[in-house]
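Pasting the structures here.
Same chain, two partners: subunit A is paired with subunit B first, then with subunit C.
Up next, the complex of A and B:
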């Protein structure tokens, strides 16, 4: 999965990105931003509080890495994301499949799912805190809740979009209901499962950050929140940059290639 | 034929059998949920601290609104009209942020998309800004603007702006160059190209960006109100939870969901369908 062809191509494209003409663009953009940022921070009266210069942010990152805080926060956050979204996906995919298989069941549960989906995971946070207190359990439940609905909805629509002729074909050849599920519905909805997973993990990532801020468990979200409390703005900006960068890496170099792979392998191209 | 069956046939004709079936089937889980919730109250399975009574949640709405002096006080966001103040300030922030953020994002996005080299340079900025948009900005916003209206508005604006910017830019970039060239060949000005090619061509992408930005923005707004706000529905549920007024939390959560559902169902989805129907480029040149 990680070493698939698409991933390799991605990596090669990434490499070319940094060695070709595009690299100059990217470097120029980064330098431009850093320059503007430095200028603004020098123009301010109290840069340490409002907008520390890039150098100050870099220094604070060395500081935090030296103390061993940054790696441990980072690991905590990623660990929560992985565990929470695995549970969310493991519950959401079968639920979506069941709903997709039976139209009556889908009609029954669709409005309720829609209702609960629009209560975002962050909004149920106060309720979960009252139930479970400020613990890791709270964050996991919020992540699970947020990542459950996008995947369930996409799997549901994926199963619906499978052309009936495949199901009819298996029926005609004397296949059982189980065989239809195993040989048609599951592989047919795999592209949607991949897309939905990416969506779910995206929502879960935001929920992790918000959950850590609100529940006060150590992690990147907690880091930027407490740094703001004690007026260490450089750490806030460092945390923001890390959050942004790690999501880009996760999304563009792991989830999107995985999605593209799945669609390429299992996608039903209709002619 | 009896009265009842005539009536039922009439209703079925009027609304449509399928829709009626969907409505009744869809209401079953809600009814079961409310029944179980009510049974919990009768048999005391879970403490009332954790699950409030159904009636309490209903009454909380009126208790919060009790001290309100009248319509004018509710409109002026008076502190005594708690419920309406919280709802109106959340919705107001959404409206204000969309009034500023949507046009700004669309205009800048189209402007950036017009020149392909520039849009290539701006693409990484858009990707990066979108990946930290929303919740991660909250601490910095609190440092800059303090706790209150500005912070929550900033978070919402930030989320909307970058999503719109990116979507408009990508929408313009995805338009086939033939259209642009044909307008220029026929003697159109740059402005003609913008109004007749870029704007309509990018419209489907812009509208789906609008729907996405409402989804992400509303979530981010609730989180921002919880952490850095002094009014709004997010603030209400968070402060009620810390006072263990669970019925107010339930009420707030239900209202948040209903507002989002209503905007999505009755504003954004019809808009999206209409735009794709009206402006979508179905025919693509090879």
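Up next, the complex of A and C:
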């Protein structure tokens, strides 16, 4: 998927987009931020503790890569994200579909879903820790819980938004209930499934970081949390940078293409 | 031989859950449509034309009266009655040929048969070269032709059309009307065609049912005795029979529109 032809085109378009004036603007903004950052850092009495300069952060990243810690933390975090959100989506998509298709089931479960949706992943953490301790299992459950609701709600509303005329049309063509689900409700809600997945994985990404901090399992979240304890602020900043950058890459090259492809292919949005 | 489609004493009220008052949409409709006939239905806006069509399609349950196709009571949608909706309801996630072959696919027709028939109908409605396009890549008129082909390809006994050409421009509409006339000749389908446009009603119909303002009643039936082969616009524009039928329908509709406005 990451290496598809479409992605290659997107990659090229991205760089074409950022050549010329756009590239200059982007470079200027980044350069500006680094400059301000450096200036503030130098003005401080104890920059190593409060705000190490960009160069100090870069140096610490070399160290950590050299020691093999950074790649291993990074792998831990990404692995948890993938496993947790795959399960979250695998449960949330069918659940949302069933609720969208069947009013009675929806009326039964909707209040409960709304109730749990208001309790964030962080808020269920304590009870999950009581059950499973500070383990990978705990983080996994929190990610699954966090990614479940956005996708389930999006799919539910997606199914409901499908115009009645499509359902009527297939009924008058002789379609059975099952055929209507297969040929109308499923494909009709695919754009919502795509949007919802992106939303869910975004929530899951934050949950992994928070989960690692609270459960004390190795990973990027744990890295910034423990680095703070021992005053290694440069590692804290490095971790934050990595969290933000990995999300941009994941979102731009995997999630958005999937969303755009399903939506644009059928002309469901005007571009 | 009994008529293809028979409507007896059909009355319909829409209940209103909020006010408790109901909307009286249709009042004691009695009419028959013969096999292979193309009838048009005209009437003022809101007189219950779409209501009638939805009942015939089986999408709207009715309680008073009886509607039968080939002597069998209508009790729900079925592939014996094909519908072309006012807003073409072709599926955006299916290509043109997949949309057109959908009816056959749903009833499990063999792939070979499907391919053949789809190709034939694509040709009939002039969509060659657009087989693999998606609906959003088609013009309004092409979408409408795709919808017509989809309904035809499912091979219904009766075809129900609800103002199918209302949303396309005048030029395309004329072409589509002539095309539908050709299709009626080629397939000899029983067609019920609802329209606002009096010209269209006279051009396409073997007979035209004129409805009164709401609650819709069958006000008059206008016969249009013109051979289908003769029905092309360049000739109809100067055809005496056509012009007099059209004026007759126009007069009847005008009366009703005035009633509706005075109310």
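Heads up, the rule we're going with is that the second predicted complex is superposed on the first by the 254 of 271 C-alpha atoms of A that agree within 3 Å, B and C clash if a C-alpha of one lies under 4 Å from a C-alpha of the other, contacts with A are read in each partner's own complex, and residues count from 1 in each chain.
Convention: a contact is a pair of C-beta atoms (placed from the backbone, for glycine too) under 8 Å apart; a residue touches a chain by one contact, two chains touch by 3 or more.
In this text, all values refer to a predicted model and were calculated from it rather than measured experimentally.
S.K.: Just checking: does A:47 make contact with subunit B only, subunit C only, both, or neither of them? Give me first, second, both or neither.
M.R.: After superposing on A, A:47 lies clear of both subunit B and subunit C.
S.K.: Regarding the shared-chain residue A:25, is it in contact with subunit B (first), subunit C (second), both, or neither?
M.R.: A:25 sits against subunit B, while subunit C stays out of touch.
S.K.: For the three-chain arrangement built by superposition, which of subunit B and subunit C touches the greater number of subunit A residues?
M.R.: Tallying touched residues of subunit A, the top partner is B.
S.K.: Does the superposition put A:225 against subunit B (first), subunit C (second), both, or neither?
M.R.: After superposing on A, A:225 lies in contact with subunit B but is clear of subunit C.
S.K.: Let me test your reading of the model: by the given contact rule, A:216 touches which partner, first (subunit B), second (subunit C), both or neither?
M.R.: neither
S.K.: Is A:243 touching the first partner subunit B, the second partner subunit C, both, or neither of them?
M.R.: After superposing on A, A:243 lies in contact with subunit B but is clear of subunit C.
S.K.: Looking at A:110 after the superposition, I want to know if it touches subunit B, subunit C, both of them or none. Which is it: first, second, both, neither?
M.R.: In the superposed model, A:110 contacts subunit B only, not subunit C.
S.K.: Scan A:131 for contacts with subunit B and subunit C and give back first, second, both or neither.
M.R.: First partner only.
S.K.: Given the touch rule stated above, what does A:184 touch, subunit B (first), subunit C (second), both, or neither?
M.R.: A:184: touches subunit C, not subunit B.
S.K.: Taking the touch rule as given, give the residues of subunit A at its contact with subunit C in the complex, in rising order.
M.R.: My answer: residues 163, 165-166, 168-176, 179, 183-184, 187-188, 190, 265-268.
S.K.: Could you list, by residue number, the parts of subunit B that touch subunit A in their complex?
M.R.: 21-22, 25-30, 33, 49-50, 120-122, 124-125, 127-129, 131-132, 134-140, 142-144, 216, 218-220, 222-223, 226-227, 234, 237-238, 240-241, 244, 246, 249-250, 252-254, 256-257, 260-261, 264
S.K.: Help me check something: in the complex, which residues belonging to subunit C touch subunit A?
M.R.: These residues of subunit C touch subunit A: 57-59, 77-79, 81-83, 85, 87, 89-94, 102-103, 106-107, 134-137, 150-151, 154.
S.K.: Which positions of subunit A touch subunit B when the two form their complex?
M.R.: 22, 25-26, 28-29, 33, 49-50, 104, 107-112, 114-116, 118-127, 129-131, 206, 209-210, 213-214, 221, 224-225, 227-228, 231, 233, 236-237, 239-241, 243-245, 247-248, 251-252
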